[in-house]
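We just call them A, B, C and D in the order they show up, numbering each chain from 1.
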Amino acid sequence: MTLKIGVIGTGAIGRDHTRRITRTLTGATVTALSDVNAESARAVQGALAPEAEIFTTGEALIASENVDAVLVTSWGATHAQYVLAAIAAGKPVFCEKPLATTAEAAFGIVEAEAAFGRRLVQVGFMRRYDASYKMLKKIVESEIGQPLMVHAAHRNPSVPEQYTTPMAIHDTLIHEIDVLRWLLDDDYVSAQVVFPRKTRHAHSGVADPQIVLLETKKGVRIDVEIFVNCQYGYDIQCQVVGEEGLANLPEPMSVSMRKEAKRQSTILTDWRERFVESYDVELQDFIEAASRGTASGPTAWDGYVAAISSDACVQAQKAPGMIVPISLPARPALYQ
Amino acid sequence: MTLKIGVIGTGAIGRDHTRRITRTLTGATVTALSDVNAESARAVQGALAPEAEIFTTGEALIASENVDAVLVTSWGATHAQYVLAAIAAGKPVFCEKPLATTAEAAFGIVEAEAAFGRRLVQVGFMRRYDASYKMLKKIVESEIGQPLMVHAAHRNPSVPEQYTTPMAIHDTLIHEIDVLRWLLDDDYVSAQVVFPRKTRHAHSGVADPQIVLLETKKGVRIDVEIFVNCQYGYDIQCQVVGEEGLANLPEPMSVSMRKEAKRQSTILTDWRERFVESYDVELQDFIEAASRGTASGPTAWDGYVAAISSDACVQAQKAPGMIVPISLPARPALYQ
Amino acid sequence: MTLKIGVIGTGAIGRDHTRRITRTLTGATVTALSDVNAESARAVQGALAPEAEIFTTGEALIASENVDAVLVTSWGATHAQYVLAAIAAGKPVFCEKPLATTAEAAFGIVEAEAAFGRRLVQVGFMRRYDASYKMLKKIVESEIGQPLMVHAAHRNPSVPEQYTTPMAIHDTLIHEIDVLRWLLDDDYVSAQVVFPRKTRHAHSGVADPQIVLLETKKGVRIDVEIFVNCQYGYDIQCQVVGEEGLANLPEPMSVSMRKEAKRQSTILTDWRERFVESYDVELQDFIEAASRGTASGPTAWDGYVAAISSDACVQAQKAPGMIVPISLPARPALYQ
Amino acid sequence: MTLKIGVIGTGAIGRDHTRRITRTLTGATVTALSDVNAESARAVQGALAPEAEIFTTGEALIASENVDAVLVTSWGATHAQYVLAAIAAGKPVFCEKPLATTAEAAFGIVEAEAAFGRRLVQVGFMRRYDASYKMLKKIVESEIGQPLMVHAAHRNPSVPEQYTTPMAIHDTLIHEIDVLRWLLDDDYVSAQVVFPRKTRHAHSGVADPQIVLLETKKGVRIDVEIFVNCQYGYDIQCQVVGEEGLANLPEPMSVSMRKEAKRQSTILTDWRERFVESYDVELQDFIEAASRGTASGPTAWDGYVAAISSDACVQAQKAPGMIVPISLPARPALYQ
C-alpha cells in the first residue's frame, strides 16, 4: 500500500522533497500539489509527478480523499494554518521548520494535537536523522558518563546581505537548539549571548561571530560559536564533555592527502552536502509512520520548545551579557 | 514502470538482496524466486515477497514472462549457467561474484555477451559503489598526478577453520583485484606473493599474513597486505602514491573520544557494516540500467579479468617469491 | 664564563632546577643554596652541587659575591621579598610563579624594577617556551587573520582533597591567563565564570568543572574550560579562531595504534611530562640573559597582570554569571 | 671533569657538531680541530672554539694528550683509518656514517675493537635517538605482539642531479636499514628491489621511486618505499604490524588548521628539521659514554651489518625482482 502525499509549497525544498518521494524513497507517491504560484506547482508536476492533482489552496489539498498525508513546505508564515488544518483532518503532516512564526502559534498546534490525542505532526529538524549525530548520541549515552558541558560551533563560509543578527538564531542556531536538546535529553533554562570582535568579512547588518551560552535543567553548560562568515568552510562541530571522557561529532568522510607540504583533507563549503542524506532518512521515517496513521521524530512540542528557546536567545542578543531565563509550561502527556 | 526481478538462490545474500529490492530501493519488485532448497525460497517469499512466484529451476524462472531481469545469488558453481541462460533470453542479469569458477567459463560469458552485442551482465563487485572508494578515485584522477604505487591492506579480525590459503585470493584479495584495476584504470601484468612470519592466531591450514605484489601495464607497483587474523578489526586500507602527492582511502566515519588516557575511535569488526551502503547503491544501479534493457557497473569482462588475475596469484602462492606473468586476450569492443 | 647561580628554596622545583643547571643546561653552575629547612639544602648540595655554599637566609645568598644570579623557588609567600632583594642587589632573578601573593606586592616589584631601569626579573611562566605554543603563535601571527575567539581547556585527571575552588584560578588557569595574553599580544578587560553541573568525581570542596569567559581589549572572546577531575588525562587544548581560519595547539607526539577494535593513541596523565622540555628552554633563556646582566621572557609586569587578572577571576567565581571588569594601570616604559 | 674532544673534518657536519658540543651540550669541550683544508679548520676555530688547537693530520690530533675522544666527520673514504687510529690509541670515537666505504673495511674495525676488548666506537645512526622512533620501539616491544610486517617510506621532495640509483641505498635507505634492525631487534636475510613507473620529476640518472623488500631472520617482511622526488615533503613513515595490532611512527608535531576549505597541517620539507633534536641526544650520549672511557649507541658491528645489507640491496637493484641473500659472520662476543 502506497502512501498518497500532498505537498503544499513547491519552492526549492518542496520540489526537493517531491523528488525524494518519487525517485529515492519507497512506500509513498505524490498525488497532490499546491502553491500560491500555480506556475511553480505545474513545473513540479511536469518534472516529477505527472499524475499529481494541482489544488488552488492548501486547505483543499488537505481535504482531498486522494491525500493520506501532507508535506508543508510553503512560506514559513503559512505553516501553522496548514498544520492545524491537517490535524483537524486527522492526517499526518510533515512541517518544515519553523513549525510556526511565534511561540504562541506553535503552542496552539501542540494543544490541537494533544486534543486530537495521537501524534500527527513531524517537524523538519533533520539533524536528528544525520548519521554522525546518531553515532554521537549513542556514544554520549553509553561511554562518557553524565554530560557536563557541550562545546559546539556552527560555521558558514559567508552569508548574503539580507542575513541579519537575529537570523543567527532563527536560521542558524535553531538546528543546535533542537539537536542538543535531543542529544542530551534535556531542556534549556537560560541563555546568554556575547559578541566577540566582529570579523572584517561580515557586512554591516550582522554581528558575526556570536557566542551563545545555554544552561540546561540538568546543569549542562553549552557554548555555541555561530560564525557565518568564517570563510574557510561549512563546519559543524560538537564536543560533549562527560564525567568519564569526551566525545566529538564525527567529521564528514574525506580523503586525506599529502601534497604541497601539507597533510590535507577537504572541508565542505555547501551546507546542502553536509546533511543531504539525513533528509532522505527523515522523510522515509515520516512515510513509515504516516502509513500507520501517525508521526515519528521531532514533535510539535519540540517545535514549540525550539520557538521559546529561540525567542530567549534573540532577547539575549539585545542585552549582551545578560542571562535570559527560559521557562516552559508543563509538557502534555502526549509528548512524555 | 516497475522492473520485475527474479532471484535465483535465496540463501543469505539472495534474501538480503530481496529485502533491498522490496523494502529499500525503488523501481523494482521481486516477482520470482528459485532455490535448490524450495523451503528456503518459500521462507523468503513469506517474509519479503508474498506475491512472488516460486520456480523449480533457475532456467524456468529466467524464461518466465513475469521476469524482466535476473539476480544470480546461488552457489558459485552454478553462476555461469544461469548468466548464460539470461544472456540467451536477452534479460539483464546481476551475478554475485564469482562470475564463474574458472577463467575459461568466465570467458565463455564474455563471448556470449559480446555476441549478443549489448551489455546484460553486472558482476557484484560492490566496492566500486562504496562512497569512500568513489571519493578516492575522484582525488586520484585529479589531484596527485600519475599514480606510481599503491599500498593496500585487507584485514579481518579472524577467519574460520575452513578458510584456506587460496581463499585469501579468491574470497579476500578478489575485491582489491577488481577495485584497484578500476581505481587506476589499468590491468595487471604480473603477481608475486611473499609470506611473512605466520601469526600465532592463524590455524594450521592458512598462511597468514600474506603480501601480494602486483605490477600493472602502466608500471604501477601495488602491495596488498592480506591479514585475515589481525585480531583488531575489519580494516581496509588503500594509499595511492602519485607523482605530485598521495591520497588515502577515507576511514569509516566514527566518533573520536578521549577516555581512559587514550584518544580513541572505534574500528569496525564486521565486514558487513563496512560496505553495507554500497550494496544498496550497486543494486539500485542495476535496477536503473536493467529498466533500460541493459547493464551498468562491473562487466563480464571485469569478472573474467578478476578470474585470470586471481589464478595467477594462487599460482604465485605456490611458488613464493616467483613473479608470475598475467596476460589477457584482446578486449572485445563491447568493453572498450 | 660560567654564570654563578644561587638557588633559594630547595624543594621539588628548586631541586629540579638545580639538576637542570648542573646536568642539562650550559653556561651556568649552582654556587649557592638556601632553604628554611637546612637539611633539604644539604641534600640537594650532596646530590647535585657539592661545591655550592649553603646560606642560612635568602638575603645572605643574594648578597654573596659568589652569586651572579638568583633562582627563587621557595614558598610562594616569600617570593616578593627575595625578588626585591635581588633587584636591590642589581642581580638577575628567576622567580617561579606567583611573583607575589597579592597584586599590590607584584606591583611593588614592577615599580622597583622600573626604578632600577633594566630588566632583572623573569617570571616562571614556562608555557611560552613550550614548542607547541611557539608553533601555534607563529601560525596565529601569520596564517589565520585577526584572532576573534579562543576556545581552550585545561584538564587534569584528578586533584587532591586540599585543592579548592579558587585554586582553579591561582594554580590552574594562571597558565592560560599568561600564555593567552602572550599568544594574542593583548590584555583582558573582563572575566565571567559559569559553573556547569559538578562532576561526581570532584570532592566537596571544589566546584569542578568551571568555565571562565575572558574578554580582551581587542575584543577577542576566550572561553577556558577548567576541569581538574576529568579522569581521562592531562590535556591542554587551545583553538584560536581568526578571520580567515582556525588553528589548534598541537597535540603531544604519540604513537597511533590499531588494537582491540580501536584506533588509539596515548594521552598524557602527568602534567610534568607535558611541559618538561619547556622548563629546560625557559631556564636556558634565563642563563643567557642573566649572563648579559639582564632578564628575558615573562616580565615582572606579566607577573603583575597575571595577579590582577586572577583576582578578577576569583571575584567572578564568587558571583557566578557576573561580568567582572579588569583594569590595569599604565604600563611602565620598561615593559613596552 | 670536562671531556676534551678532537674533531677531524670541519665541513658542515663537523662544524655543526662542534657548535653542539660548545653551545648546547654539557660535559665536553672541543680542544682540537683538523681538516685537509686548514682554512676550514681555522674558520670553525674562530667561530666556535677559539681555544682549540689545529692539527695538520687526524692522526696527530688523535695522538694529542689534549684529546680524550674523537669525532670523525671527515670525507667518508677516510673514516676507517681514523677510527682504527682511535682504537689503537684506546680513545672513544664517534664516526659519522658510513663507518667505512666497504663491508670489508668495516669488518676490520669490528675486529680491531673486538681485539681491544671494550667498546670505543659509536656510529652516527641518529634515528635511534629520535624521540618518535623511541616511542615506537617502546610500543612495538609491549603493545602489539610479535612483529610480522613493516611498511615504511622514505620520501624527499627532490634530489640534485648527482644523486644516482645506488645512492638511494647508501645515502637514503641506509637509515631504515639500521633503524629497522634496532626497532625489531633482528637481522636481514634477503633483499629484493622492484622499480615502479618512474616519476616525471626524477632526472635521467636515477630510478625513482624504488621499493625494497627485506626479509628478516625472524620472518618479518619489510617493504620500504624510497621516493626521493616525491615533491610534497620530507616524510618518514614506519608502520609495524604485529600479531595483536599495529603501530605507526608518530608524525612530527604540527599545528592543525582549518583554512581555505581544507583541514591542513604542515609537512616538513627539510630533512635537517626532522631529526635535528636527535643529533643533540646522540652526541650527548657519546659524551657521557666517552667520559667513562667507552662508547654507547650504534656499534661498529651495526656499521658493518649496515654495510653488508646495503651491498645486498645495491646488488638487488641490478637484478630487479631477484631475491639476494644476506648472510653475516658470527657476531663477536663484544656485541652480544
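Miscellaneous remarks
Convention: contacts are C-beta pairs under 8 Å (C-beta built on N, C-alpha and C of every residue); 3 or more make two chains touch, one makes a residue touch a chain.
Because the structure is predicted, anything quoted here is derived from the model rather than measured.
Think of chain A turning onto chain B: fitted on CA atoms, that turn is 180 degrees, to the nearest 5.
Looking at which of B-D and B-C shares more C-beta pairs in contact, the answer is the pair B-D. Distance between chain C and chain D, defined via averaged C-alpha coordinates, is recorded as 39 Å. Centre-to-centre separation between chain B and chain D, using Cα means, comes to 46 Å.
As a whole-number value, the distance joining the C-alpha centres of chain B and chain C reads 59 Å. The multi-chain contact residues of chain C, meaning those touching 2 or more other chains, are 231-232, 244-246, 251, 254, 258-260.
Of all residues in chain A, those touching chain B in their complex are 23-26, 131-132, 135-136, 138-139, 143-144, 244-260. Interface of chain C with chain B (complex): residues 157, 231-233, 235, 251, 254, 258-269.
Interface residues of chain A facing chain C in the complex, by the touch rule stated above, are 145-146, 148-149, 151, 192, 194-201, 209, 211, 213, 215, 218-221, 223, 225, 227, 230-232, 241, 243-246, 321, 323.
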